[in-house]
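Once you scroll down, you'll see the structures, which are given as structure tokens.
Below are two complexes that have chain A in common, paired first with chain B and then with chain C.
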Partner chain A sequence: MAKQPKSAMSRALVRRETISGYLFLLPSLIFFVGFVIIPMVICIVNSLTDANMNTQGLGNFVGLKNFIDLWKDDTFLEALKNTFVIVIVSVPTVCAFSLWVSSAIYKLNGKLLSAFRCIFYLPVVTGSVAVTVVWKWMYDNYTGVFNYVLKSTGLIEKNINWLGDSKYALWCIILILFTTSVGQPIVLYVSALGNVDQSLVEAAQVDGATNFQVFWKVKWPQMMPTTLYILVITTINSFQCFALIQLLTSGGSGTNTVMYYIYYTAFKLTEKAGHFGYANAMGVILAIFIGLLSALQFKLAKEK
Partner chain B sequence: MKKMKRFLAIALTLAMVLSLAACGGSKKEETTTSGSEQTQETTEASGTSISLWTYPIGGWGDENAVKELTDAFEAETGIKVTVEYLAYADGDDKVNAAITAGKAPDLIMEGPERLVANWGAKGYMVDLADLLDDTDKAEISPAALSACVTGEGAVYEYPLVMTAHCMAINKNAFEEAGALQYVDLDSHTWTTEDFFNAVAALYAYYGDTVAAVFCAGQGGDQGTRALVNNLYGGTFTNEDHTAYTWDDAANIKALEQLQNTDGITFDASLQGGDEIVKFYQGILKMGFCWNIAQQLDPNAAGTGAEKTITGDDIVFMSFPSETGESKLCGGIWGFGIFDNGDSARIDAAKQFIKFMCDSEHTADAVRTAKYFAVRDTAEGADLSGIWADEPIMAEYNKLMPYLGDYYQVTTGWAQARTSWWNMLQDIGEGADVAETVSTYMAEANAAAAG
Partner chain C sequence: MHGSYGRVIMATVSLKGIKKIYDNKVTAVHDFNLEIADKEFIVLVGPSGCGKSTTLRMVAGLEDISEGDLLIDGKRMNDVEPKDRDIAMVFQNYALYPHMTVYENMAFALKLRKVPKEEIDKKVREAAEILDITQYLERKPKALSGGQRQRVAIGRAIVRSPRVFLMDEPLSNLDAKLRNQMRAEIIKLRQRIDTTFIYVTHDQTEAMTLGDRIVIMKDGYIQQIGTPQQVFDHPANIFVAGFIGMPQMNFFDAQLIADGGHYSVKVLDATMELAPEIEAKLKAAGVGSKAVTLGIRPEHISFSGENGPHCLTGKVDVSEMMGSEIHLHVTAGDRDVVLRVPTTELSAEHKAGISYGTEVHFTFRRDLIHLFDPETEQNLLPLENA
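Showing the complex of A and B:
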């Protein structure tokens, strides 16, 4: 007899908490649906049409024509190749470098550790335009510091046109992307390394494990969720490389990426028939690649 | 503790309610806004407020200078003009986005390649034919007027000013290198042979790049087009402006010559604006992206007319050609009206155009632009002498007879410009000139064919 009122009260409590939870969620949900879900749906629908800025509404339904045309478009295929080069080079190097730096600094005393975190995080919080302008000065063909140093030390005879030569331009972009991408992973890894269960580390050391074994068998598995998160965000950021391209090369010198080509097609090439639909089709393909790669990363991390 | 928790719960609930109210409030606010928009539209409908978007056309990019003109217009007509200043880097994006959203401005100031060949051809602009009577047609330069009229006779731009784009040389550098002998400083012309001799002399003296065929983007590409077309008399489009013709033998010869000349670099890290900076800094000894506005205020730096940052003299020059008589790319700027479906606002915008382009106030509008008027008289006011007290402008007038065909109105212009700088990048990296030219021109012609 005494149990029933208590259970009824619990249910009421659970219901109230659930309602409260959803109500707290509601404002964010409204923005998420309005600014993420609905635009995504519009993008998918537009990708199947010949929508452009000159016709009102959605345009005519063209089925998969935009997607078929994309695979015959040399510029898109080159942009896709460049995007994959950026992802393939940038993601592992960012992860490996941040892990290395974090391992080296996480045991330092508080102030020194904070100083290092600040140094590596600074490019992340600095505006991308400001960062890019400084890099542009350094890469300058005529007055840049790189050419000055290399020429002064006799390593090169003639100036290298870093951003104007397709042999170098993409790698210069990757280098900037690298410096702006390592900040967050370093902070996350420092935190993850600090949270590793020390009793397990000590137990392994007592059992005679080497430093490498301690890292690989004890610390690394505990950092796997952090690694997964870093892999996913770095992959997405690399796929979406746009501002650097727009500000430095306008997609020239072999640096065109899918994100830049989407922008160019949608807003610059307004004479092209159905340019909105075509750009949206590129967006859908990019999203599919990002989704597939992220899923693969999740699966591999889960197996590990 | 329990009280504290209750207080916290109430506070959080209030915050939530407030945030929800804020969301709901935005709708209410929207209603208010649309109410005010409605009010605004009502006042606009009476023709008392119009919007103007302007690209940085000389002083028309300067807020204070433009305000004087719009204030004078408001004082005379009672019509208020709200001005938005666009940059060339992203101005087109803003206008295109506004058109797509149905929020295009009433007036826009730019050239026929945008107003006529692009937005006009797509049906966004109002035909201004009724603003042009026979007197106007007789007064306005035929070259300028024809660029503003479509093949069907619709007038999508009322021209105000024009200029000829040219190139510039660093006179001090030329003197030091012994290259000044190749330049006619009086007529501001030179031949192709003189040009390459000057480059050779400069390269021999400085041992580095003296001029850059900039190709990082389309910015300032009128300079590289004029250079290539003039060297051996090539063309960019046909006379009808229906197809691109830059694969002619003269252009291929010019590009091969430029590709193989020491001291000239195809620089894919510079656009026109960047090249102006390098020339202004004295790094490059020639600049291919130049006009009278630059001559009056190099690099818009305010450090003195006709001077580099180091104080060297800048001399404007026509592009070199075999005879010395070039065909210069023209710049024609004026106003167009977006068809927003509101006749009152369209009428008000037409009043603005009449005020600026064909009245006693036209001289002020032209002076603000720092270019040359497209007509000698406007409603009886003499415009031929407005630059008489400005020796640099008077001297620059020597280039105006070389103004060539205004081919920028050719269909597929956006694609053609992109193809041009991409082509220059490939040639700069050593690609076969004839083959590369052919590939990229085909791309442009495909766009021209629709």
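Showing the complex of A and C:
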């Protein structure tokens, strides 16, 4: 009985706090709803219509037709395959490489460490167009540095058309994606490694662990949250690989990706004439894949 | 108990001229010499920053030894990796692996040594039984209280039956009650597992109750090594005298007067005779009349009913009732003197405490007076077993 007035009061207090909390959130909430939630809803609704450049407004409702058509669209299937190749190759290599680099450099003294961090982070902060243009020059068939070096060392006889040959083009793009993706994971891993409780490491050493065992049995589990974050952002980045394709191959020579195909379908004047509904359906599918993969990563990380 | 822990383990540890200089040129430990016998319980004690942890970490191999030799069982260990030293360590913050359950924490070292599963299980459960943590084996350390974590940390060390058991202030994160309880358990544990212990603390009670021998350190130097009794009865210098004992020993500037074979001390306006055995020692050491620092423990000061030439007079400042005794702070001259008076020795009117400003007369028990050289701060009386 004595408790009731108190809890009643605190409930009123809680309500007041909740209201002011939401009020503080309001500005960002408006932007979030206006520029994220509403477009997402429009996108989903739109994917169920035949909206294109010629139709007015939302277009006609066609049910799941777009989704069904997609699975018969060879271009889409190829783009999907390429996208998965990029994700499956780049995510593990980015993670493994950044883990390797950061475990090699995190114990260095301040200046040297900063220098390394700077080098690896540079491609991240440099505009992607600038980076890509430099790579385009390096890959160039006639004047590129790769062909020059390979030819002068006698490794190849004829120039390789790196970006024009579907044997190489996708891998060339993965390489660029890799260099621009490792910066952030390295910085994150360096700080995660530095934050591992030193006394745990010492306890493990006294318990009889070799350096290798200390790393995998003590440090690695401590870094799981960082690894998860890195996995998810790298996955999303790889799925959404677009600028590179747009600038280097425009989806040619076997480098089409879902992201690029969405853009191509929606905004290029094709025989489908800016088929928004169709493009949005692809967007929904991409979102589902990203969501599923991220969920899977969360689940695996939790089990660890 | 011995048998159930398998192999018979022997471990003497000797530290010979050990020195530690950190990268920032701080010399944390100077010329540390100590021979630890097999199954001995050694306590390193001293104020914060005196180099206790550094010494322990050098034994563990977590810190390089700058100079000197560390031998375990006669083998030089300076360049042996921690994992190959066969020692176990309990850390101040427990350092339990947060991603492992209590069971996995305790099994970790054995797993690394590829001990068969059944044996690991047996050892872990046995240790858990001893430490009374069986019901927490499946929990993660996060879900345990400080005292329980403490037990797990000890458990992780004892499952290994190491040659040497190192503990760095294992009880300092616990509250007073739990600390007393765990201290008693460590004493029990020690009897059960019977191996060589090096225990670091800054708490003199822990040092006195746990150690076979105590090493008292200050500023990286060993001040005295001895049994609890030795360091209490014969502190080597003023620092040790002040560090061991609660409340602290009282110190006075005094004048030692040698008169033929007899000695007396003049403290403030009192002159006290010294006990014959002290006189004999002073004589043997050839000490003449000189200025000295006199030390007397609060419990070695006694009331005297009336004033006399061998008595000091002072006014009561504070009287602290501790239950079975009173800690009396008395101002004599310009000095604050602390007396420990058992309540049984007090008259009825003073039982509840002695009021502020009361004039009291007291004298020192003449066989328990300590004399130090004011310059070197060393004890003037030669130590018995040193």
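Everything below uses one rule, namely that the second predicted complex is superposed on the first by the 278 of 304 C-alpha atoms of A that agree within 3 Å, B and C clash if a C-alpha of one lies under 4 Å from a C-alpha of the other, contacts with A are read in each partner's own complex, and residues count from 1 in each chain.
Here, a contact is a pair of C-beta atoms (placed from the backbone, for glycine too) under 8 Å apart; a residue touches a chain by one contact, two chains touch by 3 or more.
Predicted model only: the values in this text are computed from it and were never measured.
Chemist: In the superposition on chain A, see if there is space for chain B and chain C together, and answer fit or clash.
Modeler: These partners fit in the superposed model.
Chemist: Per the contact definition in the header, classify A:Ser199: touching chain B only (first), chain C only (second), both, or neither.
Modeler: Touch status of A:Ser199: second partner only.
Chemist: See if chain A has more residues touched by chain B or by chain C, and give me that chain.
Modeler: Between chain B and chain C, B touches the greater number of residues in chain A.
Chemist: In the overlay, answer first, second, both or neither for which of chain B and chain C A:Met53 touches.
Modeler: first
Chemist: What is the contact status of A:Gly127 with respect to chain B (first) and chain C (second): first, second, both, or neither?
Modeler: A:Gly127: touches no partner chain.
Chemist: Could you look at A:Val218 and tell me whether it touches chain B, chain C, both or neither (first, second, both, neither)?
Modeler: Touch status of A:Val218: second partner only.
Chemist: Would you check which partner chain A:Thr210 touches, where first means chain B only, second means chain C only, and both and neither mean what they say?
Modeler: Only chain C; A:Thr210 stays clear of chain B.
Chemist: Which partner does A:Asp165 reach: the first (chain B), the second (chain C), both, or neither?
Modeler: Once the two structures are laid over each other on A, A:Asp165 reaches chain B alone.
Chemist: If you stack the two complexes on chain A, which partner ends up touching A:Thr143: first (chain B), second (chain C), both, or neither?
Modeler: The first partner, chain B, only.
Chemist: Applying the touch criterion given at the start, work out whether A:Pro27 contacts chain B, chain C, both or neither, answering first, second, both or neither.
Modeler: In the superposition, A:Pro27 contacts chain B only.
Chemist: For the superposed model, what is the least distance in angstrom between any CA atom of chain B and any CA atom of chain C?
Modeler: Minimum C-alpha separation, chain B to chain C, in the superposed model is 31 Å.
Chemist: Touching chain B in the complex: which residues of chain A?
Modeler: So the residues of chain A in touch with chain B come to 20, 23-24, 26-27, 30, 53-54, 139-143, 161-166, 169, 249-250, 252-253, 267-273.
Chemist: Considering the complex alone, what residue numbers of chain B touch chain A?
Modeler: Result: residues 12-13, 16, 19-20, 23, 92-93, 96-97, 99-100, 118, 122-123, 209, 215-217, 265, 267-271, 278, 281, 283, 411-415, 418, 421-422, 425, 428-429, 447, 450 of chain B touch chain A.
Chemist: Okay, in this complex, where on chain C does chain A touch?
Modeler: 60-62, 81-84, 87-89, 91, 93, 95-99, 108-109, 112-113, 156, 160
Chemist: Of all residues in chain A, which touch chain C in the complex?
Modeler: So the residues of chain A in touch with chain C come to 197, 199-200, 202-210, 213, 217-218, 221-222, 224, 304.
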